[in-house]
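Two complexes are shown next, each including subunit A; its partner changes from subunit B in the first to subunit C in the second.
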Partner chain A sequence: MSFVHALTCKECGAEYGIEPRTVCDNDFGPVEVAYDYDAMQGTVTRESIEAGPASLWRYKDLLPIEGEPRTGFNSGLTPLVKADRLAAELGVKELYIKDDSANHPTFSYKDRVVSIAITKAIEFGFDTVGCASTGNLAHSVAAHAAASGLRTFVMIPHDLEEGKMVGMSVFGPRVVRIKGNYDDVNRLCSQIADKYNWAIVNVNLRPFYTEGAKTHGFEIAEQMGWRLPRHTVVPVAGGTILPKVWKAYQEFIQLGLVEDNKPAMYAAQAEGCSPVVKAIEEGVDLFHPQKPNTIAKSIAIGNPADGYYVIKVIRDSGGWGASAEDSEIIEAIQLLARTEGIFTEPAGGTTLACAIKLIQQGRIPRDEPICVCITGNGLKTLEVMQGRFTETPVINAKMGEFDTLVKQIEEQTTESTPQTV
Partner chain B sequence: MSDTITIQIPTPLRPQAGDNATVDVTGSTVGEALGALTQQFPELGGRLFKEGGNEVNRFINFYVNDEDIRFLENLDTPLKGGDELSIVPAIAGG
Partner chain C sequence: MPQVTRKCWLTFEGGHQNEPCLWKMTRAHPDVQFDIRQASVQKDIGIMAVLFDGEEDEVDAALQTLIDLGVKVDPVEGGSLVAG
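Presenting the complex of A and B:
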């Protein structure tokens, strides 16, 4: 049994059946899955969730599938790291890293949304799936589709990082590289979904796909011991995850699973692609699209479809936004690696760099629980870190040479103090 | 040489556009071309624009030969014969 009630337009409230659907027919507003929360009361409990599988499917009652999960059996339930060393460095009391760089099987938050989308594609009877992607989504769609025996087309900008290309090609999808940026790819995909009877996960399965992003928020709450961070910093690209983490918090509040501590949401964007943050800073409701120019390619979306809702949630929740320069993104990647042993991609560096700015600006108080959402893995974007480390010494396999080297290293260490922010 | 502008109609709007995937109009700006389109198919007007106004529905993007009109001159963006004007719903991604 599912608690899904209908698809409803977020703008005009028009209701639709559970079907592949891109937008509302009336006003092109996004459609969202509506649930029967009354029926969940007393049935969806902390205990029922804790008794579920060790994956994102433990939140199945709050996800829009009708039958059993068809993929993603090991996706989600990623580590929530209590980041005490990083907290000490930043001078904050309680800091968590929600670490989707460790997601299964493709090391990004996208394994959440794709688990739901591919399950839904199978439920609807599609034999071909696809996506518009900056890389991470393509990896996830290709991997989940391969494991499900579906034909796959992934549409990507022509200039993705080499690691991202290998990481999707290995699963055997048809990769289509498109001249232009992600927004060009996305526009083409919406036209492809119109013409071909394929499940384009972020187009005609979007209402179901986006619901998967809630599991990131559900897990934060459960892993914090059934409570919410007071401040959550989330990267913003197309604008899916931030409003959905917020929705997850609100659903848990509504079901009485966590106390309402008025959680505030904060957007992180790269300076070279920051339409949402600019709109927040300028106090306007509508963002102006940008032509992205940043090393954080996985979040280089200048025309975010859900940007309007990101701005709204941030306002409603009392949060804010920040943007980070490429150099700050690199520094933050290294800081997270050095303090917590987590290697994230530039999107994660952006999120941490922006969290640091918001703390320094006093927007996020130092004495309240903070969660920084890390959504991707640094091993996919090695290029951005190349040449940033001192040359590694080579010695012969002789103990004497090793002793000399260690002595040199120890002398260097006492001379220089660790770098701080 | 023809001064025809071809407008690409997305699936959700085709019922209001006589089930056409493309509609040919004339007009020297995006605003004029859309005016000609909505004159021919009045039901489209309420979908493309907020009620009664010139303000574009925020979930619809217009592209002239693959460029978003917000990077050009919005509804004042000039058109010439042979140009293609696409109506595309905003789409999520990542």
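Presenting the complex of A and C:
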């Protein structure tokens, strides 16, 4: 049984049937999935969710599929880490890290959205799937499509890092490198979806794909013991995840599964690609597209498709935004690693760096629950950390040399942390 | 010549939001119909959702005129544009 009601226009509310559609015919506003929440009352409960599978599909009733899931059986339900050591370092009372660097199978939050999109592509009868990607999405589409036996094309900017190329190519998709940045790739994919009738997951399946991002928010609430963080900091690239985490919170509130504590949402962007944060800071609704220039390539989207809705949610929730320089992103990656043992990619470093700024600015109070959303794994972007550590000593396999080394290290130990620049 | 419909987002920046770009386009291409479906204009940026109708060559030429005037033209969904 599905609780999906229709696709509705986010601007004018016009309703459409469930079909591969992205915009409203009237005003070209984006459409999104609407559900029959009245029918869910009493059926979708804490107990029904807890009785579900140990994956994102435990929230199936709140996702836009008609039949049974077709992939993503081990995706989602990633750790929510109570980050006490990091909290102490930052001087805050209660801090959580939602750690999608551990997501299955490709170590980023994209495994959530792709699980829904691939299932929906199969329901719609598509035989070819694809995406426009900065890396993580291509990994996920390639992996889930391989496991589902679908033909796959992934379109990426031509200058993507070698490691990310390997991480997608191993699954056997057709990889097409496009001269230009992500926004150029996305634009071409829009035309490809139209001409070839393929399921480009973040283009013509976007209304369904984006719904998968809600599961990140559902899990935060459930893992916190059916309550919401007062403050949630989320990276902004295309603008998918932040409004959907917010939607997840609102759906749980509407269903009576959590108390409404007026959760505030905060956007994090790299300084070298921060159109949404700039608009928030300037107090305007429209953002100026930018040419990205940052090490945080996975969130380097200068013209975010859902940027307008990120700004709206930030305003409605009473949150704010911040941007981080590349050096601050690197420092935050190292801080998270040495305090909590979590190695995130530059997108995650950006989110933590921005959370720190928002705390220091007093925009996020130190005595209320905070959740920082980590969306990707640092092992995919090793190149940004290379050359940043002191040379590793080499000794002979003799105890005496080891003793000497330990003595030297103890003598050298100062207030600074070893191995960091 | 086939008739076409193009759904486009027009972005006006760098002072172009204060210029009559659509009027200039219609003066150059009077047979192209345009229909504004949504618009938001602020101090230094304006965005419009516009539907263009007409003969394919004329519509493409009209869009090129807008691009030449400094307007950013993006397809709403699919479809090819002269700028693409």
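Keep in mind that, in the parts below, the second predicted complex is superposed on the first by the 413 of 421 C-alpha atoms of A that agree within 3 Å, B and C clash if a C-alpha of one lies under 4 Å from a C-alpha of the other, contacts with A are read in each partner's own complex, and residues count from 1 in each chain.
Heads up, the rule we're going with is that contacts are C-beta pairs under 8 Å (C-beta built on N, C-alpha and C of every residue); 3 or more make two chains touch, one makes a residue touch a chain.
Since the model is a prediction, treat every value here as computed from it, not as a measurement.
Undergrad: Putting subunit B and subunit C onto subunit A via the overlay, clash or fit?
TA: With subunit A aligned, subunit B runs into subunit C, so clash.
Undergrad: State whether A:284 touches subunit B only (first), subunit C only (second), both chains, or neither.
TA: second
Undergrad: Looking at the overlay, what does A:238 touch: subunit B (first), subunit C (second), both, or neither?
TA: In the superposed model, A:238 contacts subunit B only, not subunit C.
Undergrad: Go through the superposed model and pick first if A:110 touches only subunit B, second if only subunit C, both, or neither.
TA: first
Undergrad: Please tell me which partner, subunit B or subunit C, touches more residues of subunit A.
TA: Counting contacted residues of subunit A, the larger count belongs to B.
Undergrad: Where does A:301 make contact in the superposed view: on subunit B (first), on subunit C (second), on both, or on neither?
TA: A:301 contacts subunit B only, not subunit C.
Undergrad: Tell me which partner A:202 touches in the superposition: subunit B (first), subunit C (second), both or neither.
TA: After superposing on A, A:202 lies in contact with subunit B but is clear of subunit C.
Undergrad: Name the contact category of A:210: first (subunit B only), second (subunit C only), both, or neither.
TA: After superposition on chain A, A:210 lies in contact with subunit B alone.
Undergrad: Touch test for A:267: subunit B only (first), subunit C only (second), both, or neither?
TA: neither
Undergrad: Just to be sure I read the superposition right, which of the two partners does A:137 touch: subunit B = first, subunit C = second, or both, or neither?
TA: Touch partner of A:137: subunit B, not subunit C.
Undergrad: Considering only the contact definition stated at the top, list the common interface residues of subunit A for subunit B and subunit C.
TA: Shared contact residues on subunit A: 11, 22-23, 26-29, 187, 190-191, 194, 203, 286, 288-289.
Undergrad: Using the touch definition up top, name the residues of subunit A that touch subunit C in the complex.
TA: 11, 22-23, 26-29, 187-188, 190-191, 193-195, 203-204, 284-289
Undergrad: Please name which positions on subunit B make contact with subunit A in the complex.
TA: Against subunit A, the touching part of subunit B is residues 8, 10-12, 47, 57-61, 63, 66, 68, 70-71, 86, 88-94.
Undergrad: Can you list the residues on subunit A that touch subunit B in the complex?
TA: That would be residues 11, 22-23, 25-30, 110, 132-134, 136-137, 180, 182-184, 186-187, 189-191, 194, 202-203, 206, 209-210, 237-241, 286, 288-289, 291, 298-299, 301, 303, 305-306, 308 of subunit A.
Undergrad: In their complex, what parts of subunit C are in touch with subunit A?
TA: 7, 9, 11, 13, 37-38, 40, 42-47, 49, 72, 74-80, 84
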